[in-house]
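Listed below are the structures to be examined.
Two complexes follow with chain A in common, the first pairing it with chain B and the second with chain C.
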Partner chain A sequence: MKMTWKGLIPLFIFSLLGLIFAVGLTKDPSKLPSQLIDEPFPEFSLPDLFDPETQIDQTYLTGQVTLVNVFGSWCVACDLEHPTLRRLAAANEITMLGIDWRDTMEKGKRWLERGGNPYDRVAFDADSVLAISLGVTGAPESFLVDKKGRIRYKYVGPISDKIWRQEIKPIVLALEQETGANP
Partner chain B sequence: MSVKSVFCKSLFCRSLGLIFVGLFMSLFISNAAFAQPLTEIEVEARAHEVGRALRCVVCQNQSIDESDADLAQDMRKLVRFRIRQGDSNAQVIAYMQSRYGDFVLLKPPMQKNTYFLWFAPIGLLLAFLIWYVFRTRRTTTQLQPLPLSNSEMVQFEKIANTQKTKPVKPNPENPNKETDT
Partner chain C sequence: MYSAMISEFGQITLILALLVAAAQSVLPMIGAQKNDARLMAFGDRAATAQFVLLALAFIALTIVFVQSDFSTKLVAVNSHTDKPMLYKISGVWGNHEGSMLLWVLILGLFGALVPIYGKTLPAGLKARALAVQGMVGVGFLAFIVFTSNPFERLSPVPINGQGLNPLLQDPGLAFHPPFLYLGYVGFSMAFSFAIAALIEGRVDAVWARWLRPWVLIAWSFLTIGITMGSIWAYYELGWGGWWMWDPVENVSFIPWLAGTALLHSIMVLGKRHSMASWTILLAIAAFSLSLVGTFVVRSGVLTSVHSFAVDPERGVFILALLILATGGGLTLYALRAHKLRGGPEFTMVSKEGGLLLNNLLLCVAAFTVFLGTFYPLLVEAFSSDKISVGAPYFDRTFGPVMIVLVAFMGIGPLVKWRKDSWTSLKPHLLKSAVVIAVVTTLTFWLGKSVLGALSIGLAAYLAYSTCVAMGRKIKFGQVGSLKLLKAQPAAVWGFFIAHMGIAICMVGITGMSVWQGSEAKRLKLGESITVSGYEFTLKSITPGQEANFQKMTGLVQVQKDGEIVANLRSSQRFYPVRDMITTEAGIQVRFMKNLYAGVGEGDLETGWVVRAYVHPLVVWIWLGALMTALAGFVSIFDRGQRGPKT
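Right, the complex of A and B next:
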């Protein structure tokens, strides 16, 4: 039988599919891209965990670079992340807004009393109102908000010392260089 | 209805008139319903409809309407809240899409990066059909015998003649003699 290039078509298709699947396997489908990068932080009004009579809203975020961290007393990975956040707070690295997500006030407060409270303020989001408008799928999730109150970076999963140093801090420094001309 | 009864006496005619009046009035009622707050039954029905179109982002392959996950519950709450606030179903879905991206839609939208997804099956089918038609047509044309050239004709005659001399079928009466064709 005469060998022609047509005989190689199945092999070609097979290699192409193999390549596509190989690339596909390296992607984690549970990691969703954030829709909100460079968007203004969604408007919200949530009670302060330690002072339920007062509300915290998005205006708190303007004027400085802020790390918004979504956590919950039920969240195991948050326990893992907590010591890093406390070290950042002790070193006065960045303003931190905590969002106590799907929690009860008592449990949230107790969790922060036990582990120490690294946050400058904590908003209490029992019904995922802010969490959904942030596109949060799990805790912990962290956002960097620039001086103008726009979301500039999202990190899914617990922040470790190494991730902070290598990945997040350089962005924080860059954002701090920006002029925070507020409207 | 007393005016009507002057023109129309039969029971059929009267009931027909009543039906028309009823239909006419229902127009106003349904219009009024738009301005009034939705009933909980309507909110529920629409929330289910919207919920079926939205993916539960923590379960990855269920709609929020069928999922028991905490986040899906809260998303259902938010869907109801927004419907009560007067959002249309499309607006609620658009809101979720603006938060979670296209991933939250269980039915992929028709847009630039999904054209391949939508049209590849039809495209492949068409390509196959074109290929198939082209192939069958080519084979049929190939099957038509070409006219023989002069030299081939000579060759053919030669073969045909030798075939003739060979015994095709022995004659039962005289085995040495060939059957005539």
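Right, the complex of A and C next:
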């Protein structure tokens, strides 16, 4: 069979594009940049959304396994995730700390009033103080923090019931087996 | 409950359709290879059967939605008993699974039309094209049956559904996907026939003339679909933008650009026997990009890379389908490229040369948009940076390409086939320069914007040149020109309407980009803001209740020079079922100028956020776009371009 080089050009261009996309899209985006995993949760001190006089800091995270969830009233994907978080809260599955990110207090509160508040506490981070040290790239993003206050897992994007069941819950169960006492 | 059976019935017809499609993709191909008339004729029957089965499946799903049968998961997630009937029905395709079913239904429809309109086609070509159409069907039906089954059951059965996304509860959007899909899927015909022609190693004028109407249909529907999307965004999203270079819009625009190039090159192939390679490649590209368009929106790849990895089953399937269709097509092209003859020679200054340039420019434009749309995705995938490519990029890259394209659109139609010279174009170019100068000066005097004036001048030049081209065809001003006008083939009318439409659209776009006035402020009752000489006053806020939402309607009165010119009602809707708020803008639509007001959140004490806009000429955008779509339909009725010449 006779082939010309000219005829191969379109196929070549397509293969190149396909390759780039295949590599790009199959990379698992939920993998955390390794430098944060197993590190202590960054120190922070942020006002409580519902009680701005009091501050929440990293000590809140020790003693139990906590799901830290970054959200915002402006974030559409958070609407998607919200029902799952509410179910988790209703079933008392895990302690949850919400980080209301790049928001106004008023809007954040209204959003939680309207959709129900699944969080045990909500820290208010309008200026991305904590978000930057956490390396948050977008909302929603979630972190599992073990009893000693170390980040053990990061999930990027909305958590669905399926994701919770298949991915996160097993890790939570494993983390709960660990003892929080020794350093 | 009968509905229990209906869902299963739909499931069965869907699986049967998959089996039929599988047979359709193999048997006619073997038949064509062995020259077996019976096997080839099987393609016709299979195509019809596939369509009937898919129609039954679609009807079944519609019934399930209409009956609000919440034992079917899709209905439970996407519908609600309180929803108006229209939206129960549009809910059928307002979700991933249902829209995929609509997609294959349309694919089946196009396939079933081949035996009806393709009686004059060579049996081998028809059989092979139907086989390829069958393969596409197998890919999609397998995708549906294995990863996106619309008839999946839910247990326990919920008491009520979760409602449909309220943003989709709008007549404009309810019918937006079907039009878009008629366009996307319509290009599957171009693809199937391109592949069939490659297998046969013969791409000729007869093939081009037969295929041309299908490309036109697909292209026209796609044009309408995109236009509807733009109109919807304008009045529904509440901030008065008609095009925002949003990925979802872009992915429908990219196949449109490729399709536009395709329908120009297929015309050359039909008339002059050249540009065979271009036509084949563009046919493959238009369909592949349509696939990208379908998948990107539905899989959510673009809104966030994350959702792709969340559902890897679908993601991998999608990639595989794309690679098989496009990679397969291009491999075949590589094997057969040497067999495609170049057709008669032509010089650069000729109609063929002009159309070649047109194709190049449209491809560059398509690539620009493609790059801008997918670049953030790639950056995000390879690094942890998040970037966004917005309007400034597109304005700077896509804009200039379009300006060059319009400049040549004014000349192309006036150039002769095969060989022409610049000297013969000189008088027209000189007159055009005068037209541009006059219109630009006038517009600048009125509008005080250099860019706006130049752009309107260019649009005027395009309209003028289009009229001159038409005038030459009918020997305007001479005896018998009226008779000639009547005798013009439909394709000429198509050309005229389409190019005029583009000129009109361009005027609208210029008006919106240059002379738009906007202002946003928190207003208490009785307060006002002034935009472009119009005074917008917030008069009242009234609460209300509809079947499936609560609303707050704000009345904004617009005055000019002390006289009331409009009363705009804008409302915020709250959908309790979905916990969502949408904004309905208040718009007064006029030929020369739209007045637009959106009333957002607020209360009595602090006032409400009111956004007021004055949008000059915005209607022209859609008028022009719909004219081009109409032109496509008009061109279909061209006898000279349809079927072999007798």
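The rule is simple: the second predicted complex is superposed on the first by the 149 of 183 C-alpha atoms of A that agree within 3 Å, B and C clash if a C-alpha of one lies under 4 Å from a C-alpha of the other, contacts with A are read in each partner's own complex, and residues count from 1 in each chain.
One rule holds for everything that comes next: a contact is a pair of C-beta atoms (placed from the backbone, for glycine too) under 8 Å apart; a residue touches a chain by one contact, two chains touch by 3 or more.
Everything numeric here is computed off the predicted structure, so don't read it as measured data.
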- request: Quick one: classify A:A91 as touching chain B (first), chain C (second), both or neither.
  value: neither
Query: Is A:A77 in contact with chain B, with chain C, with both, or with neither (first, second, both, neither)?
result: second
- prompt: Which of the two partners, first being chain B and second being chain C, lies in contact with A:V129: first, second, both, or neither?
  reply: first
Query: Is A:G138 in contact with chain B, with chain C, with both, or with neither (first, second, both, neither)?
result: both
- request: Counting touched residues of chain A, say whether chain B or chain C comes out ahead.
  value: C
Query: Of all the chain A residues, which ones make contact with chain B and with chain C?
result: 29-30, 33, 135, 137-138
Of chain A, residues touching chain B in the complex: 29-30, 32-33, 35-36, 102, 127-129, 131-135, 137-138
Query: Residues of chain C touching chain A in their complex?
result: 281, 284, 301, 304-310, 312, 315, 319, 322-323, 326-327, 330-331, 333-338, 374, 377-378, 380-382, 384, 386, 579-580
- prompt: Residues of chain B touching chain A in their complex?
  reply: 57-58, 60, 70-71, 74-75, 77-78, 96-101, 103
Task: Quick one: which bits of chain A touch chain C in the complex? Just the residue numbers, please.
output: 1-4, 6-8, 10-11, 14-15, 18, 20-30, 33, 77, 79, 114-115, 135, 137-138, 156-158, 160, 163
